[in-house]
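In what comes next, chain A is part of two complexes: it sits with chain B in the first one and with chain C in the second one.
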Partner chain A sequence: MTDDKRILVIDDDVHMRELLELEFTDLGYQVTTADNAFLGLQSLKDEMVDLVILDIKMPGMNGIEALEKIVSTKRELPVIIHSAYSHFRENYLTWSAVAYVIKSGNLDELIQTVKNHMK
Partner chain B sequence: MVYQELIVNNLDRILDFWLLIDDKGKVIHCSQLIYRQLGYSEEEVINQPFQIFFPEDDPASSDFLYQLLFDSYAGSVVNQKSRIKQKNGVIIDIELSLYQLDNDEMYFLIVFNNITEVVEIRKKIKLKSEKLNGEFDLFDDRNNYESVQDFIDTILVSITAGQGLRFNRAFLFLVEEEEQILKGIQAIGPGSGDEAGVIYGEFGSAPKTLNEMIKHYRHMIGTDSAVNSILKDVQIKLSDYQNILINALNGQKYILINEDYPLIDDPSVVWLRELFQVHECAIIPLLWHGRSTGVIVVDNQVTQSRITMHDIKGITSYAERATNALESSKLLISLEKNINLVKQANLKIRESQEILVQKEKLAVMGEMVAHMAHEVRGPLATIGGYASRVFKQMDESDGHHNSMSRIVETVRTLELVINDILDVSLPEPENSRGCDCAKAINKVLSLLEEEIHVRKVSVSMNIQGSLPEIKIQEHHLFEIISNIVRNALESIDIDGLLLVLASHIEDQVVITIQDTGPGIPPEIKNKIFSPFFTTKEDGTGLGLVVVKKLVEENNGAIVVRTAPDKGTTFIISFPIEHKGVTHDG
Partner chain C sequence: MLLQNKKVLTFILAGGKGSRLYPLTRDRSKPAVFFAARFRIIDFVLSSCINSGLRQVYLLTQTKSLSLHQHLRKSWNFLPNELSEFVAPVPAQQRISEEWYSGTADAIYQNLHLLEDHRPEHVFILSGDHIYNMDFNELYRQHIERAADLTMSVLTIKKDEAEPFGVLTMDEDLNINSFIEKPQDPSLIPGESDECHINMGIYLFKTDSLVRMLARDARKMTSHDFGKDIIPAMLDEYRVNGFSFKHSRFGHYWRDVGTIRSYYNANMDFLSQLGDRVVCTPEWPIKTLGAPSPVSYFGGSEGVSIKNSTIDLGSHLYNCRIHNSLIGRGVTVGNDTLIEDSIIMTNSSIGRNCVIRNAIFDKDVIIPDNVQIGCDPHKDQSHFFVSDGIVVIPKDYLL
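The block that comes next holds the complex of A and B.
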């Protein structure tokens, strides 16, 4: 039932990107990855994406700037911030994301959050 | 040239600091004081541009002369505030005047005064007088009473002593500015003829120095003696001009009351004579810098001898000196009080500076910790993520199943530790129940196995069987125990014994961790729980701070016992989990 749902993972850490790709593919999602925000925004134009998992600290354009651009063009698209920083959760600039998940070896929280926001 | 010589030869007689410069701004002559007080030598001054005297950072210094000339009226500038530089670099405030001397050639004369001291002294005087004004009313202040009391005793004893002014009795009244009254303060003298006999007898054999007499007087008479009870309740309004005492106070002149006194029938004179039960007495005003501060009433009630003009002169001049002493002592006390206030203020300033520095340290540390946490948490998430992927797909019979489980668990613990440092509170429903401390101790020791082995430390563990669970999150307990054990290992350094005990005492679980290290020196013992205090080269000084915080947050207690060469023992206790909530531990 999730076959037609596509997740875009934007993260500069190759290991995390591949881990998420593996996990969410296992769960039956289509996964597109981008190693920086520019490529991520490009993918959004090219493909139909149902949810974005977005890192914050990235070279070039950071996740907070990218979030602003995504929200301004695709208001309905759920974005989940997935960062190793905890304190940006208190920063209102991240509040337009549907959720803020701190990176952890235990992916349960992220998976549950994705499920909750996937229509 | 004649003009110049004339100036140079005479200026030092009338001016302190002066410079004679030519129209190019070069110094031609200057006063001797410039060499003596500012520290410059002749070579450094003569033929040099006069700007060398002005601070380099002074924007006016380069075109100072022209600026002054521009400002001047009819060729002179008077008392312009500026600053100059002594040879040793100290900047002083000056008032500067510039005069244009127009003769065959053009000269300028710069004259200046050092106003630094004047400025400072003015400030100090203003400050002091404000404070003194505010706290002049000393008699309200019980703390100061004792030393003022010394003066009062001295004054009264001197007036009545045989070696002194030889009056029988003396009564002191002082003005209370705040209440606007004249108030009876203290009296000295025999209450009756009989008492007089005793006192004079005592004084006859009494020591002869004033100090000894005052001691003696205090020994003999308490402040509640008969004479004191006479004036104890006397309070006269300063506005009661009809009153004879107020009259003497305002008139600032003595009044001798006897049958020759013209107003002998005046009600207040009658009142006074009745009050003191006396025919003759003298009222002497106490004056201080033109202000009346009180009166002394003296009489010879016991011996009935007449008060002579000689006596009056004696007491008047004595009263003057006594008032000076009294008021000066008040001022001194007040000054002392002010100094104490300043000292306290300084102390407070220093304390708050320390707090600020501490806060600054914490803020910098906080940023650094947040950054470090990010740098560690990212890779840790990857390790943990891949590890749990592998672990989930692994069969339990797999030889690496246990190792993989350890990796997953340790990564989780590390993540929780990072969260704790950053004070992130994540929902931890599964951990909010009781915690098994034996498990936590074993976990710590197994993680430190390698270090224990390398340091050749023998571990002796004694954990009471079936310990009740305690109410603390497991990773908190882990953090507490591992910090203390790591400290113990580092303090043992090499070859030693580590003792870990856990037992159930009343409604507490008590964990004791003891080492055979060198112990904590007494001088630093009370600092070990302070943030950023560390004796280790690479320590953060946060280990024991976290320990204490976590123990206290979980309603526990922590005690340290240590002595040089006797090792260190940490005893931590936590209340046991009450069985209100059922769980399947």
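The block that comes next holds the complex of A and C.
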């Protein structure tokens, strides 16, 4: 059952947000989106979320800073980093994410990773 | 091998409250408490760092940190920034959230950005609370040779003294196979009838292993403590080794100064070690504040009797007796006064015809003529702070 599971997508790319919302809604998840990290953090305060898909390169607060704030307030909430860049994988500040998935046209890896970490 | 040329970063955990050292910690954190009426506790670990070649040192501070920050600014700002060498205090900044450091591991986790900035291969994490000398090159050498993820310094003590510490067991190959923080029944060293191995709060981590453990721990509801959480969780997955402090270069001297009694004993012990010339040697100096004071003055027609004691610079002593005591900088002692088995810190003034026994004076204490301290337990209790038979006079006390 995935109907009661909610995913928060934080990504400044509107096409990526729409793609992920469509895909995960089809899979039965509820999806909330935010186009920047500030709005994403506000969403976490306002509603219950079971997993976060987080972009890194965003204007204003980037995903690395957002990840630190999420872990400090919602320790057990799984965060998956979803970035077009692989080199952030080496950045120690990303290591508290449960997974790091490189963006691609094929969402299979991301979907499988979400399923693995969705309680 | 000198650590100066290695990619090693050092963190010193210097936020200890030292509640059981009250009133010496009334206005300062534990690492800033005076020791031997000359040094601050922090000077020992910092001196070992510098003497070993560790020249990139962050001190993580938290409560009552002004005194420590001032001491660091006055005494430990000599390393050249141009060579990327520094001793730098890092106050708890609430950089990530509104929480202070919730444990020793959380203190490092909240400063992961410093690891990202420096990208060291290995990280020393040291306690700022203890009195000891150590050549960290010895521990580093073992850590590299054995390709350990964590090497921690291990002290051998009697079982009946081990309960306040983290107690561990170690096999012949130095692999640590159990670790329990403050156990009621400490595990013995195999083959020994009454000795245990304890954690000294001296760690060297491979950086990747440290960050993985901190990141994992940050996501759990734990106490975020190295002793309670990180080390026990590493034992099954990582190579965790012990380093025998007893067999190291300065392995004869390590003191925890957690209580007034242990603090007092450590000071007196230090005094006897000084006499034996095994601490503060020219080849392993203990650096501290080098204030521009004149040499001490010993005046009066009958002279000053000094036995088994130290007198720091700038003191003025007149016709008095100083026995088994540590006298700090700028202290004045009047005629016919006896100071015995005591620690008198910086800038205190003691009048004429006084008797001071078994006492600790913090800095800037003023005692008038004809006062007796440490001579009558009942009288002491009604006038002063007394802990375990030792009278402690707090800073700025004016009798």
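Here, the second predicted complex is superposed on the first by the 119 of 119 C-alpha atoms of A that agree within 3 Å, B and C clash if a C-alpha of one lies under 4 Å from a C-alpha of the other, contacts with A are read in each partner's own complex, and residues count from 1 in each chain.
The criterion applied here is as follows: a contact is a pair of C-beta atoms (placed from the backbone, for glycine too) under 8 Å apart; a residue touches a chain by one contact, two chains touch by 3 or more.
A quick note: this is a predicted structure, and the numbers were derived from the prediction, not measured.
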item	value
Fit or clash between chain C and chain B when superposed on chain A	fit
Chain B versus chain C as contact partner of A:102, first or second or both or neither	first
Contacts of A:47 with chain B and chain C, given as first, second, both or neither	neither
Partner chain in contact with A:4 - chain B first, chain C second, else both or neither	neither
Per-residue touch tally on chain A - higher for chain B or for chain C	B
Partner chain(s) touched by A:73 [first = chain B, second = chain C, both, neither]	second
Partner chain(s) touched by A:92 [first = chain B, second = chain C, both, neither]	second
Chain B versus chain C as contact partner of A:84, first or second or both or neither	first
Minimum distance between Cα atoms of chain B and chain C in the superposition (Å)	17
Doubly contacted residues of chain A, that is, touched by chain B and again by chain C	none
List of chain B residues in touch with chain A within their complex	370, 373-375, 377-389, 408, 411-412, 415, 419, 422, 424, 426
Chain C partner contacts - residues on chain A that touch it in the complex	68-69, 71-73, 75-76, 91-93, 95-96, 98
Interface residues, chain C side, partner chain A - complex	96-97, 99, 112-113, 115-116, 207, 211-212, 215, 218-221
Interface residues, chain A side, partner chain B - complex	13, 15-16, 19, 22-23, 57, 83-87, 102-107
